[in-house]
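Worksheet: one structure, shown below.
Labels A, B, C, D, E and F are assigned to the chains in the order they are written; within every chain, residues are numbered from 1.
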Amino acid sequence: MNGSEFSWSEFLHMGGYATFVWSSYGLALVMVVFNIVSPMIERKRVIARVKRAIKREANSRQTS
Amino acid sequence: MPESESTNTTLLETRQLECVRDDRLLFRDLSINLSEGEILQVEGANGSGKTSLLRILCGLRLAEAGQVLWQGEDVSDVREDYYASMIYIGHLPCIKGDLTTLENIRSLLDTRSQSAPIEEIDAALTKVGLSGFDDVPSKALSSGQRRRILLAFLLLSKTRLWILDEPLTALDVQGVALVESMLMEHREAGGSAIFTTHHGMQLPCEMSSVTLGVQC
Amino acid sequence: MLKAFYHLLARDLRLAFRSRHELANPLIFFVLVVTLFPLAVSPSAEVLRVMAPGVIWVSALLSVLLSLDRLFKQDYEDGSLDQLMLSPNPLVILVLAKVCAHWLLTGLPLVLVAPLLAMFMYVPDEAIGVLMLSLLLGTPVLSLVGAIGVSLTVAVNRGGVLLSLIILPLYIPILIFGANAVDVASDGMSVRGQMLFLGAVLALALSLAPLATAVALRITASR
Amino acid sequence: MFKRIWAWIQKFSSPKHFYRISGKMIPWFAVPAAVLGVYALYMGLFVAPTDYQQGESYRIIFIHVPAAWMSMFIYMVMAVSAGIGLIWQIKLADMIAAASAPIGAWFAFLALVTGSLWGKPMWGAYWVWDARLTSELILLFLYFGYMALQSAIEDQRTADKASGLLAIVGVVNIPIIHYSVEWWNTLHQGATVAKFDKPSMHIDMLIPLLLMAIAAKLFYAAIVLIRARNEVLYRERNRQWVKELVEKL
Amino acid sequence: MLKAFYHLLARDLRLAFRSRHELANPLIFFVLVVTLFPLAVSPSAEVLRVMAPGVIWVSALLSVLLSLDRLFKQDYEDGSLDQLMLSPNPLVILVLAKVCAHWLLTGLPLVLVAPLLAMFMYVPDEAIGVLMLSLLLGTPVLSLVGAIGVSLTVAVNRGGVLLSLIILPLYIPILIFGANAVDVASDGMSVRGQMLFLGAVLALALSLAPLATAVALRITASR
Amino acid sequence: MPESESTNTTLLETRQLECVRDDRLLFRDLSINLSEGEILQVEGANGSGKTSLLRILCGLRLAEAGQVLWQGEDVSDVREDYYASMIYIGHLPCIKGDLTTLENIRSLLDTRSQSAPIEEIDAALTKVGLSGFDDVPSKALSSGQRRRILLAFLLLSKTRLWILDEPLTALDVQGVALVESMLMEHREAGGSAIFTTHHGMQLPCEMSSVTLGVQC
């Protein structure tokens, strides 16, 4: 890439190592995204659970 | 001792039953006759063979000698018929700690090929004092609460014959009263029951009894 | 009856999924044991290639063996097994459901992960398909035959090693044919004979083992 | 003096306080992590020159090496905080440890896979039983063991203590594993393909590598805070402050 | 205190001798697993000779692993462990007694029978002594480290495979050095380094593992 | 509730004990005061936390908050002292099926670094109704007989403080009477005890009691 004109196809080709390089970067991306998304989902789940518990408590207080 | 006032149909009958464990003769020539609507208490000191007898009655244990008859036929010949109309609750919990109360009851009913609408299960749970615990994993319940799941199962199974080994284990005073009332209702509905217990159980009705062991 | 089968299968699967870690365990054990060999024997490709089919099969076998416990042990101890035996449904059907669940939870994952391990141990690509097929035919037999062994030893506490003593000899034919098939396939030869054998044994086990297990359970339940 | 520090630690490590502070801290890690990461990616993919020996395949280094470093770093963080939790009964430390494990496992996994993907073109095999590779694999198993134990024990406090103890035992064992694997490999084989004998790296390669490593650390810091906050919410779910907080959400 | 150690050791040994079959089990498992390899891999002398040290060590390790259950599991389940923890004696001593009993019942028999298996697998005579020595130094470590793992998982039901997941990584150094020593000895070289390493690890484990186990037990007993 | 007539020495004391299980608060601010010669019954419905409390008292479980003091000192500081003078018998059998009755008793005493001459053990076995069973492997005993082994252990241990969780489980009527008389004798000898039970136990002496749970 040095000096010569930049070409996307050449870049994507990675000198013949495209599979290896791009799957590495792809996996890294997946890992990053997963690690961001999964705690967010987890957080929703925890909050929902606490809310449910609060509601259950309120209900049982009403009935008793 | 089947001279109760109930109908004369004999449900379960044993002939010359004999049980030996570890060289010790527990009982011999035991003949029981349980008719419809009869409630039978098996009495005896610790180690007299009550549990062994109940397991023999269920076909879970082989007697040394003698026969168990269900409506006149040997139980090993009419197994499916017999099992469809009896229920046994023993010393052991039969409860999966990882399943919730509801799931436990459902899967117990499943083994009997029964199912029950959710309202009915809820009603049963309320009756045994477990309402609100239906989605709690059973391992988080105390020993008495776990026994109560079995009581709910007993209620829902609607079988004619109950065989209960120490149904009062781990139950508190209310629990004992509950079992007593359950037995009364069961009897009024025409069901029969055989049970053991060391607590004095007072049922306001006739009860037959068999005493094991002249032992120790 | 089909319903009884389905309900029990569903219950066992649900129980397994409830404790997630347990689900993964036989698989991890398999991977770990396979990993021990390069460490203990030699990391060189030539040695590993020769050993690989045998090592993978032995590890799969041990992994199934150790997970057999969960077939009946717990049910026996907590009394659920009594309830199953008092079910109006034929015990054979219930046994089959439990074995099915067991295979889905242990055998199948092994089949799926084996190719990866084979690659790590330099098994040639053309033999990897055969490895999977041989495991696919073999692991259900391991579960089925294992069930007989467990049902016989369920009343023995700490019966784990007794169990291996009883079952391992029965596993040996499967092991020999399974490992041999992979070996032969690595050399590029046909493995039709081995596969037919494994298939026949599977058919045999499927038809007889549940019966034997049901009988064994009735015997050992007597306590 | 000592007492005052202790009191301060206790205050800061109270879950409620941590929850409030950490919420503010997360952006301070997350934003630089993203910026640095993207910049390092640009440098690594577009600016860094092609390696004369390995061709373009070496670009895996920008993922592989930071991931490998992180997997080891996070294990240390996890073990140290588990130790603090075990000895001084600081709940927050247990939570940090528990929150770290999955992230560390992910990094170890990433290092393994990218290493494999790099190994194929370099060594002609996805995997060789080389010392470094093997000990990374064992590290992944140590993570799995920690997580499995944590999730297998119902009671939260018991789970924390038990898995904390395991993490500490693991730390004692890491150097043992490390040396045993090294010696094992040098003792009786030379089959491993030429190892990383690069005299010195081109500066244009080194910079994105270091930037990526820093970005990875910041990323970890942000994620571990998010995860620890979840742990706080979950474990303190019966406390009044959590209930109030949740009702507002 | 010494008396407490001795009494507990005696009790455990007596218990084991009471159920004779159980006594023999780890040994039989060991022999069976070792036997699987000639069947699964290849019966040829060259292949076996290369594999032997590794296979014997892996089998010994698995055999110890599977017998670890009996260290605390049963005591936990029947409440005896509670009584031990309520003993006025230091828990570390009691733990050490139990580990000792475990080693005498599993490790030692393996050490004694290994030469026979090694011979069957064409291990040269001069390496057999080294094999025994390496097992003699290594198996106590397996018991000691295993005790930590068992005490951590004792409350987890069906923890068998979880246990392996936790302990196997910790066993790996022992495995590598043990198997390697035999390998090197077969080539007629000195194994001083390996033996020193194994000895050092044994000393370390002996001084730290019982403590860790005692701590772990206090943690997991909380139910 | 320690206003009994016994000597004023406080043996066991709890301060602001709190126990949470699985999100549910079982008890909080529980302060118990057990003096020498006092017998304390812990009452409460199923699942109210009796077992949990007893295990906390033994140091087998960590309380969420609060302290347990033995003669004024935190039990975790005086563990050996405390354990030398207390004995806990829980739900679980603590019995090895493969050992005989005698061996079981011996090895239980061993864990306490105690020993007893054979005559004394024989006397204890006779007292609990197990004479003649001393060389029977315990797995061949019934559930009630196994509990009786523990009673013999209790007699032989001669400790000042007994902590008993449902000591009447599986015992028949004689067994219940036996436990009652044992408690009385223990008290007369100056010992203290804490126990739980769901059966009404009638002791002809003063008994304090603590009730757990306003629960369900």
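Everything below uses one rule, namely that contacts are C-beta pairs under 8 Å (C-beta built on N, C-alpha and C of every residue); 3 or more make two chains touch, one makes a residue touch a chain.
These figures come from a predicted structure and were not determined experimentally.
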For chain A and chain C, what is the smallest step count along a path of chains that touch one another?
-> 2
Please give the intersection of the contact partners of chain C with those of chain E.
-> D
Comparing C-D with D-F, the one with more C-beta contacts is C-D
From chain C, which chain is the farthest off, judged by mean CA positions?
-> F
Centroid-based (C-alpha) most distant chain relative to chain E = B
Report, in whole Å, the distance between the mean C-alpha point of chain B and the mean C-alpha point of chain F.
-> 31
Chain B and chain E have mean C-alpha positions lying a whole-number Å distance apart equal to 46
What is the distance, in whole Å, between the centres of chain A and chain D, each centre taken as the mean of its C-alpha atoms?
-> 17
Interchain centroid distance [CA atoms averaged], chain B/chain D, Å = 56
Chain D: which residues touch two or more other chains?
-> 141, 144, 148, 152, 154, 157, 181, 184, 188, 237-238
Would you please write down the residue numbers of chain F that are in contact with two or more other chains?
-> 22-23, 62, 91
Which chain E residues reach two or more other chains?
-> 157, 162, 165, 168-169, 172, 176, 183, 222-223
Identify every two-chain combination in which the chains touch.
-> A-D, B-C, B-F, C-D, C-E, D-E, D-F, E-F
Provide the residue numbers of chain D that touch chain F in the complex, in ascending order.
-> 154, 157, 237-238
Within the complex, chain E is touched by chain C residues 21-22, 25-26, 28-29, 32-33, 36-37, 39-42, 47, 50-51, 53-55, 57-58, 61-62, 66-67, 69-70, 73-74, 157-158, 160-162, 164-165, 168, 172, 175-176, 179, 183
Tell me, which parts of chain A touch chain D in their complex?
-> 1-2, 6, 11, 14-17, 20-21, 23-25, 27-28, 31-32, 34-36, 39-40, 42-43, 46-47, 49-51, 53-54
Chain B partner, complex, touching residues on chain F are 21-22, 44-49, 51, 91, 129, 136, 140-145, 147-148, 166, 169-176, 198-199, 216
Provide the residue numbers of chain D that touch chain A in the complex, in ascending order.
-> 45-46, 49-50, 55-57, 59-60, 63-64, 67, 103, 106-107, 109-110, 113-114, 117-118, 120-121, 219, 223, 226-227, 229-230, 233-234, 237-238, 242-243, 246-247, 249
